[in-house]
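Note that chain A is present in both complexes that follow, paired respectively with chain B and with chain C.
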Partner chain A sequence: MRLEMGTFPVTEVAFGPRTRLDGSRLEIDRDELIALVLENGFFHRVRVDIVSPGESARIIHLLDTIEPRIKVEGPGGTFPGFLDAVETVGEGRTHRLAGVAVMESAELPWRGEKGLLMVREGIVDMTGPGAEYSPFWQTINIVLTLELKPNFSDEEYDRTIRLAGLKAAQYLAQTTTDQTAPRYRTYDLKISRPELPRVVYVHQIQSQGTFSQTFFYGKPLDDLIPTLVHPNELLDGALVSGNSAYQSLKTPTWLHCNNPVIEQLYDRHGRDWNFIGVILSRGHFYGIHEKERSANQVAKLARMLNADGAMVTWEGGGNSIIEAMLTIQALERAGIKTTAISYELGGVDGTGTPLLLYSVPEADALVSCGTYERPLRLPAVQRVVGGRTIRLDPAKGDHRLPAHQSLQLDTSLQMYCGTNQLGFGRRRGIDF
Partner chain B sequence: MVSPIRIVHYVNQFFGGIGGEERADTELLVREHPVGPGVGIAEALGDRGRIVATLICGDNYFNERLDAARSAVLEAIERYRPDVVIAGPAFNAGRYGIACGEVCKAVTETLRIPSVTAMSPHNPAVPLYRRSTYILLTGESAASMPRILPALATFAHRLAVGDAIGPAEREGYIPRGIRGIILDEFPAARRAADMLKAKLAGEPYQTEIPVEVFQPARPAAPLRDPSTATIALVTTSGLVPRGNPDGFKSMNESRWTTYSLKRLSALTPDQWEPVHGGYDTRFVRENPNLVVPLDVLRDLESEGAIGRLHADLIVTVGVGTPVKTCLRMGEEIADELHRANVSAAIFTSN
Partner chain C sequence: MAKVVEESGIPVALITALTTLARDVGAPRIVQGVRIPHPCGNPTLPPDGDRAIRRRIVLMALKALQTLVIEPTSFVDPDVLM
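Up next is the complex of A and B:
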């Protein structure tokens, strides 16, 4: 499978009389975009805001974030199963707008604390101490603030918000259809140096129900048994996020399409190793039997692929580390050398050990991506996009704070992607 | 220009030039100039600072009369008002290492003066004092002296002027048991790829997160006679009185508490609710007895199958809490149950 990716870097976004890409300047017809998003009848009102790097700005009530992509040649379309037919993607030519992100912001109706299956607060600060928690302090963000009509179910809101975001992203990417990209790159797993070690990526996602879900070709992965996918499928949006239970640990769709591990594996393909594919698995199974089955099936697939090495990442926190660790153990026992990326704990002051909730002795090559346990003080900002007030912990009831003010967070669990484990960030734990 | 810093330096009888093992009983001696390794430290410092006093004790004296020796040393140090205290280097000498560690710990904890020592990672004093002071890494013997003295001088100067000290592996000290959060030069995915490349090639690599072997908890022996036993209900399911009066967090909680079950025959959704953020709580919202089986326990109590139910429910929220905190809470809960003469507990998660 060979995919040609045309990249259109965007350095400026503005509203204009019609939606178009002029060089690296993206102009958006705001009314047309709003009309497109309003089509489904679930929203009272839609606001569109442009938030740029370096602004004293805070974006709140964040749900999914999407990079504008569009299939311009070859089978299927981007985000298959949602916007296009369920056809296998990852071939032909795709265009992307780089440096921009479409963000969905909405506050779901307060139905009381609901445990795992609810939306929790997600924050992006563009500057200051809260900035470098997500990739989105460096992108120009096109934020859709969606005001929901009342009396729909969580499932209905969840689905329509997702479709609105994906549609908006594809709409913006359409500006590139007839243009030639400044940059093209071909993604192909073809092996030209068979003597190099064979490396597989084990991508463990979270999918447990509404608001804690990941979609593959439009269907949730709640019952996923490990399966083999081509990395190009992910570049075309085969994985879409519906995960808003813990914003700091989630993988938004933008990151599924720009997975830093896949980038590393592709960048060194044919030089340091041969990248041979992606094994998709899920964590957070409720019983040890299912956790063991998942780990063993990953290792089995890796053996069938004759893998020599593996990189493992997992989405979410808590007990999903058990599947991840059992997977590392099963891979290592099969003779497959494995590294993984993990967040760590350690307490508020960093003196608590062990640093992981669970581990195996075989996990001897772990890379840290920080912790959510440290308190964080966000300074006051000049501009808030997405709403006026913020609810930091739903367990404490519908208690709200003004969002533009300085916010004292007990943990960084609200910081969008703050402890996401795909490894885009530089934040890490280290011994002092 | 910052004024030169004042240093007090601690050495043993050997490095203090008093004598060998035969003089290991020497009590505290004070010299108001650099001695032994202190000469090298002073040289390296140049005009950045000076050693205002060298304190010398025999290793046996310090180790065998610890309290007296520590007080004598502290008193002397206080007199010289140093900005920083240096002890050693002790290399792999055990008694000397203990003395250096103890001096540094005491000045830092009691006098709030920063301190630094240096020894081999194998010195038996390392596990005892690494959390209390900075221990710079040396080789096993005094052969590494020429390298370590300038390092000690510079490190001490930085402590005295309040420089931020970076991570252990970059600064050359032994980790103090504190995990810090920093921004690395490279993103995590790149570091993981580099690590994989090294691992595949059989080259050395170093994990960023050390793992510990988890000890499985052994269940207690079964009750001989449940009909005379007092049974407690303990839950990490996050079930609390409606409204969450104690403000439990839905994740990463570090507190537990008790709620009275007196006069209750079952738990009702109008009075109890789950605030746990790690499972689908809808069923528990309808029937709290699913995670805290009070209804069944009351039946067993009235049938005489169990002696009686403990009056209090013990509650925390078990999700995303570090293991160390869980162990602490477990011990506190066990103490509480022991005090209340509870014979067994039914532990429910979710």
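Up next is the complex of A and C:
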């Protein structure tokens, strides 16, 4: 499977009479985009806002974030299972707009204190101390603020918001269909030096029901038994996120398509190692047998691939670390050298215990991607996109704070992708 | 907490779905629970079935309390697991 990815860097985004890409300037026909999103009949009103890096701006009520992409040649389509049929992707040619992100912002109805798996606040600050908590302060964000019509179910809101975001992303990428990209990169797992060590990537995602799900060719992964996938499928839109439970710890669709672990394993493929594939697994299982089964099956697949080494990442917090650690243990016991990226806890100043909720002796090579446990003071901002008030802890009630004012946060759990465990961003541990 | 209470001379049986975690922190008697959201029962069964599971778990915990242990020890009733 050979995928050619054409990248169109975008440095400016503005509204204009026609949606088009002129060099690195993206112009958007705002009315046409709004009409496209309003088609499904679930939204009262749709706003489209352009929010740029460095602005005194805060984006709130964030759900998924998607990079504009379109399949231009070869089998399959764009975001298969949602926008196109479920033909296998990861081959042919795909175009992407780099440096931009389509963001879904919607205030979902508060249905009372509901426990763990509800939508929580997701915030991006485009400047100031909160900015570096999210990788998306650096992208030009095209924010769709969706005002929801009342009396629909969570599942209906979830589905229609997702389709709106994906359609908008494809719509913008259509500006590249007849153009040649400034640069192309080929992704191919062909082995040129068979003597190099074989490395597999274990990608543990979160999928536990509406608002905390991940989709593979449109199918929710709630019942996933570990399976083998080609990294090109993930680069080419096979994984879509529907996960808004804990916004600092999640992987949005944008990040699934730009997975830094996959990029870097490809960077040195055929030079320092052979990247042999991706094993997809799920965490947060509720039963101990399910957790152990997941770990054992990952190790079995890795052995069948004759892996020498494995790189493990996982999504979300809490008990999903148990699957991850059991997976690391099973891989190491199978003789496969394993390393992983993890966030750490450590309390207010990093010295608190525990550092990790669970660990195994075999997990002796971990890379820290930071912590969400430090307090954070966000300054007042001039512009808020997505709403007027934020709801910091919906499990405790429908208490709101004005979003434009300065905010004292006890933890950075609301900062969008702030502690994402793919390591995308600037936060890391520097002292041990 | 289980470890500390045990060391004070009161036997402790911990009912949990996450037995690996309990063993890791040194809980003395670890009784296998059903699932994280409902360790002590199985609400996916009809009421009588759920009640029967709850009874089995409590009986296993009582049996554990009567067992002398030196290190973290598991007590599993296989019919309890989903």
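Quick note on the criterion: the second predicted complex is superposed on the first by the 427 of 432 C-alpha atoms of A that agree within 3 Å, B and C clash if a C-alpha of one lies under 4 Å from a C-alpha of the other, contacts with A are read in each partner's own complex, and residues count from 1 in each chain.
By definition in this document, a residue touches a chain if its C-beta (ideal position, glycine included) is under 8 Å from a C-beta of that chain, and two chains touch if they have at least 3 such contacts.
Note that the structure is a prediction, hence the values are computed from the model and not measured.
With chain A as the common reference for superposition, the partners chain B and chain C occupy clashing space. Residue contacts after overlaying the shared chain place A:Tyr358 against chain B and chain C alike.
Contact with chain B, but none with chain C, is seen for A:Phe424 once the two complexes are overlaid on the shared chain. Legend: residue contacts after superposition of the two complexes on their common chain; A:Leu117 is shown touching chain B, with no touch to chain C. Using the contact criterion defined above for the overlaid structures, shared-chain residue A:Gly309 touches chain B, although it does not reach chain C. In the superposed three-chain model, the partner touching more residues of chain A is B, compared with the other of chain B and chain C. Of the two partner chains, chain C is the only one touched by A:Ile288; chain B is not.
Residue contacts after overlaying the shared chain place A:Asp188 against neither chain B nor chain C. In the superposed model, A:Leu265 makes contact with chain B only, not with chain C. Touch criterion met: A:Thr371 reaches chain B, while chain C stays clear of it. Shared-chain residue A:Asp222: touches no atom of chain B or chain C. Applying the stated touch rule to the two superposed structures, the overlap between the chain B and chain C interfaces on chain A comprises residues 319, 358. Across the complex, chain C is touched by residues 286-289, 291-292, 319, 322, 326, 358 of chain A.
By the touch criterion stated above, chain B contacts chain A in their complex at residues 165-169, 175-193, 195-197, 199-200, 205, 207-214, 238, 243-244, 247-252, 273-282, 284-285, 317, 319-320, 322-325.
Residues of chain C that touch chain A in their complex: 17-21, 24, 32, 34-37, 81-82. Residues of chain A that touch chain B in their complex: 112-117, 120, 132, 197, 199, 208-209, 245-246, 260-261, 263-265, 268, 272-273, 308-309, 311, 317-319, 337-342, 344-347, 349-361, 363-374, 393-397, 410-411, 413, 421-432.
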